[in-house]
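Look at the two complexes coming up: chain A is in both, with chain B in one and chain C in the other.
On to the complex of A and B.
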């Protein structure tokens, strides 16, 4: 098999598994028993409730993205550009909400505040949804900005400091240079918030993703459900277009080989430290404390024993999904980084597009595409869940692998090529060993995201198969609060344990940078 | 690399084959809450030796998530049995030609009103639609028409009629009263500032927290608040002479046309329809009322033979429910 054949094979498989269902789903909306029609889209345009919910979604996503960007920027500066106490610990703790299913955080707040009273009343509706989503997606601008901060040209900041203080340098040099990263973060948080289903649904805030999901699950109307998902697809395309410009700007606006300049906090150090402690306690500590308070030791033990088969299958799905994601992520990164075919750019955008689509859209697409007697071996078995995971999260493992492949000096590959090494020898004997740390990271990230996924699993899991994430959702209907809280804590443990192991392992490797 | 690839292929084959490995199985899709339905299905597994493969609805897609799977899988059915938490959805499936008629021998003494005329589905263990009221309320509501009384203006609540059993009840009213009277009733609800909650559970919470005087809810929502120690009481609507009676929402069980395991499916259906299963569901937290006469039940609810029941044709109610959606949507937006 040649390098090109392998590349085309991977592209064809991803197209079949990911783009096929989406194309099938969209295509079906233009046809009914009488032939070509756009009646579904006409109905959509005339549906006042849908557009009201679309406006709700837009305001929610805008609020979450704006709040996350502003505080993400401030926190990134504080936790990477100063010598604040325990800043690495804060970074890790703030990452936790992104790693667990968002509804667990929502449930944690519900366990703490209930439905009644001023705070309970605020939780259910816009403000609660916005706050929970904000805490879930805050790590995105925080970590992206922290990463870009390290690339800001220290020379420019040094020059600035000659004529004014840090406040002026941050305002005039550092933050403007971070604009692309802030834009990228804004768009990512906006898209993720606008496509989120579980939090607004749990906290009773009507959004257009819920409307699309309801069309599917309350009115049994697949075509209308697909039509109602289309505005999200249009937004994704708009975002892709927007990101293209922003990403290309980052290639020349920031670069540095100098060490990052640090800001001295002076007397503010303790005050800011306490402020961050308080912030972290509210964002992460309180909802988790809510779960711990509602759970009891006996309910926790009972939950573990009752959910043991589900926990085992969750771990198996997590491991298999992560392995598939790592393998395909590595092969996809190889196609993109080494441009092994002319389709590399289109392939990269397709992977990004699928990631941006809501899980509901992907789930519906998978059912429509694979639910036929001829494809029973896929649809009627757990394979369909693995396909869902692969399609949805391929971007993550691809990008992690690509990051690592880009760091391998071209001279290594060229020398091997000149020495007569075939492409497969170069791949297996040079690239793969050099990328093994990133593959481990990709596996860990894949595992965590597979574990927290619920929507695709809920839509396509075959009878008798479930994961902990979905099991918790089914138990939420009239289940004992202590039992549900215990299940949420088990989920938290399942996610955090591999994360801790991963961090411990990577600390010894080359990827983990404590600068 | 090749070793990894081989391992993956093996894992794929294992995953693909494992689900169909056991022959003695029955696949059931369940809309009843997992916490109530799973213990009964586990009992069936123990007693029959047949493995149950279940798909449960999640809270967010309550009553309807698995319905879509059944419809999507019409040409390639995966399920043998569907356990619906109300008969309306069963009727929708019947009208779409998804059901296989089956007359269970254990359901002979279940009243015919709770069965499909064509044996497509059979009802069992019912919820009823009753008023949950604040404890100590002097003049408890006795009819759903009380929602429109001026003294209760802005003080009562009803769940969003676009979803769940409230939709079914509205459709039942349309089928019994006709369009004109029901539309007037809906208009009067609006005029009397009846609050709209997102679910029956939330309506019950409104009453428990004294935010509303009364609410029409499912009996299990009311019982759960009573068991939790909330200061609430019940009132059975429309029990007087010439009045409608309570709207009954039985569970419904049915066999899927083309079920892969028809014999096991019949055994499961017989098991769920038995008086013993009804007794278990009556004493569970869902407190569902048995339809078999003479089944022992807890004291906080009246048995079915002591209630005046709304006489409805669930097939007509199902038909009305589909027609009603635009009207109810428009009513909500007013």
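On to the complex of A and C.
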């Protein structure tokens, strides 16, 4: 098999598994038994409930994205550009909400505040949903901005410092240079918030994603569910277009020639440190403390023994999903970085598009596409769940592998080429060993994201198949509070354990250690 | 012999070579000089086959290896060795692994391979270094390993892209002599790219100034 054939094979498979269902879903909304029709859309546009839910969704996503960008920028400056005590630990802890299923945070707050009183009342509805989603997606602007901050040319800031102080340099030079990264983060948080199902569903805030899910799961009305999901597809296309523009602007606005300039905090250091401690305690500590408080040792042991079969199957799904994601992520990165076919750019955009589509859209697409007698071997088995994981999270493992492949000098590969190594020998003997640490990272990230996934599994899982994530969501409807809190803690352990192992590897300095 | 005939190569619509001709005689040591961006490294990459010209012909040892933008002979079949500016030593392989890589690809027996590795290491003065990790070597030692690796497949043509630029003056001088000795001993044709006039004067039997 040639390099081109393998590349086209991977592209064709991703197109079939990821784009096929979406295209089929979009197409299906325009046809019924009588032929071509737009009646579904006419009904949707005339539906006052839809407009109310759409407005709710927009307001929620706008609020979350705006709050996350503002605080993400401030925290990124504080935790990357100053010598604040324990700044790396803070960065790490603030990452946790993004890695655990969002509904765990929502349930943690519920365990802490309950439903009554001023705070309990605020939790259920817009403010609670916005706050929980804010804490979940805050790491996105925080980490993207931190990454871009490292690329801002120190010379530009030094030139500014000759005429004014740091505050004015940040306002007039650094932050404007970061504008594309802030825009990018805003779009990402916006799209993820508007697509989120479990948090607004648990906290009783109606959005059109919930409506689409309800039409499907409660009324089995595929048509309406699909039509309700279509605005999300359109929004994703619009956001992708916006991101494309922002990414192209970053190329000439930032560069990295000198070491990053650090800001001295002086007397403010302790005050800011305490402020961050308090912030982290509220955002991460309190909801997790709520879970610990509600759980008891006996309920925890009971939950472990009762959910043991589900935990086992979750770990198996996690391992299988992560392995598939790592393999396809590596092959996809190979296509994108080495441009092995002319379709590399289109392929890269397609992987991004599928990642940005909500899990509800992907789930409904997979069902419509595969639910036929001829394809029952996929639809009626666990294969469909794995396909869902693969297409949804392929972007993450592709980007991790691509980052690593881009660090391998072209001369390493050219040198092997001159030695007579075929493309497969170059891939197996040079590229793979050099990228092996990143593959481990990709596997770990894939494992965590497969574990935290719930919507696709809920939608496509055949009878008898479930994961801990879905099991917890089911229990949240009518289970005993201590039992649910214990299940959430088990999930937390499952997600944080591989994270701790990955950090241990990172600390050993082996990841991305290149000569 | 190396012959570049009527070669044109453009990068993002900027012509780097237009109707460019060059001939290098067998066993000649041609040194290419010129400012940054003149196309010195690109010329080596064209000969090696890593990039293809838009038009023109490249002939190596009487065989046309590329015609226009058509690759007629793959890089590893051109009998070319290359010493890269960054040396391109594979960090996951030890010294012996780096040198033996091409021999292993050609499925040469282990014993023969070992003999060849030992011979090459002796040739560059690094006996006993087989199992050393490449990142534990000094700059000069790494340079010698890269040279040994490039020579292990006995290339007829050797391309060197500013291989000594990162060395101090003393090591640079010592390795220049080494390169000349190896070229005379093994009889390969050398195309050597450098910024340094001193290097060019010592190594080259002919000099070519690009970008003028």
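The criterion applied here is as follows: the second predicted complex is superposed on the first by the 508 of 515 C-alpha atoms of A that agree within 3 Å, B and C clash if a C-alpha of one lies under 4 Å from a C-alpha of the other, contacts with A are read in each partner's own complex, and residues count from 1 in each chain.
To be clear about the criterion, a contact is a pair of C-beta atoms (placed from the backbone, for glycine too) under 8 Å apart; a residue touches a chain by one contact, two chains touch by 3 or more.
Computed from a prediction, not measured in an experiment: that's the story for all the values here.
J.: Between chain B and chain C, positioned on chain A by superposition, is the outcome a clash or a fit?
T.: Once chain A is superposed (C-alpha atoms), there is room for both chain B and chain C without a clash.
J.: Using the touch definition from the top, say if A:323 reaches chain B (first), chain C (second), both or neither.
T.: A:323 sits against chain B, while chain C stays out of touch.
J.: More residues of chain A are touched by which partner: chain B or chain C?
T.: B
J.: Applying the touch criterion given at the start, work out whether A:35 contacts chain B, chain C, both or neither, answering first, second, both or neither.
T.: neither
J.: Answer with first, second, both or neither: which of chain B and chain C does A:266 touch in the superposed model?
T.: neither
J.: Applying the document's definition of touch, where does A:433 land relative to chain B and chain C: first, second, both, or neither?
T.: second
J.: Quick one: angle from chain B through chain A to chain C, Cα centres, nearest 10°?
T.: The three centres form an angle at chain A of 150 degrees.
J.: Report for A:418: first if it touches chain B alone, second if chain C alone, otherwise both or neither.
T.: second
J.: Examine A:409 and indicate which partner it touches, taking first as chain B and second as chain C; both and neither are also allowed.
T.: second
J.: So, A:470: does it touch chain B (first), chain C (second), both, or neither?
T.: A:470 contacts chain B only, not chain C.
J.: Shortest C-alpha to C-alpha distance from chain B to chain C once the two structures are superposed, in angstrom?
T.: Distance of closest C-alpha approach: 17 Å.
J.: Can you tell me which positions in chain B touch chain A when the two form their complex?
T.: Residue positions touching the partner: 1, 4, 8, 11-12, 15-20, 27-29, 33-36, 52-62, 64-65, 67-69, 71-73, 75-76, 78-79, 92, 162-163, 198, 202, 205, 209, 220, 224, 285-286, 325, 329, 333.
J.: Going by the contact rule at the top, pick out the chain C residues touching chain A in the complex.
T.: On the chain C side, the touching residues are 48, 50, 75-77, 80-82, 84-88, 90-92, 101-102, 105-106, 134-135, 149-150, 153.
J.: So in the complex, the part of chain A that touches chain C is made up of which residues?
T.: Counting only chain A, the residues touching chain C are 409, 411-412, 414-421, 425, 429-430, 433-434, 514-515.
J.: Please output the residues of chain A touching chain B within their complex, sorted ascending.
T.: Counting only chain A, the residues touching chain B are 48-49, 115-116, 197-198, 201-202, 204, 213, 216-220, 222, 320, 323-324, 327, 367-368, 371-373, 376-383, 386, 424, 427-428, 432, 458, 461-466, 470, 473-480.
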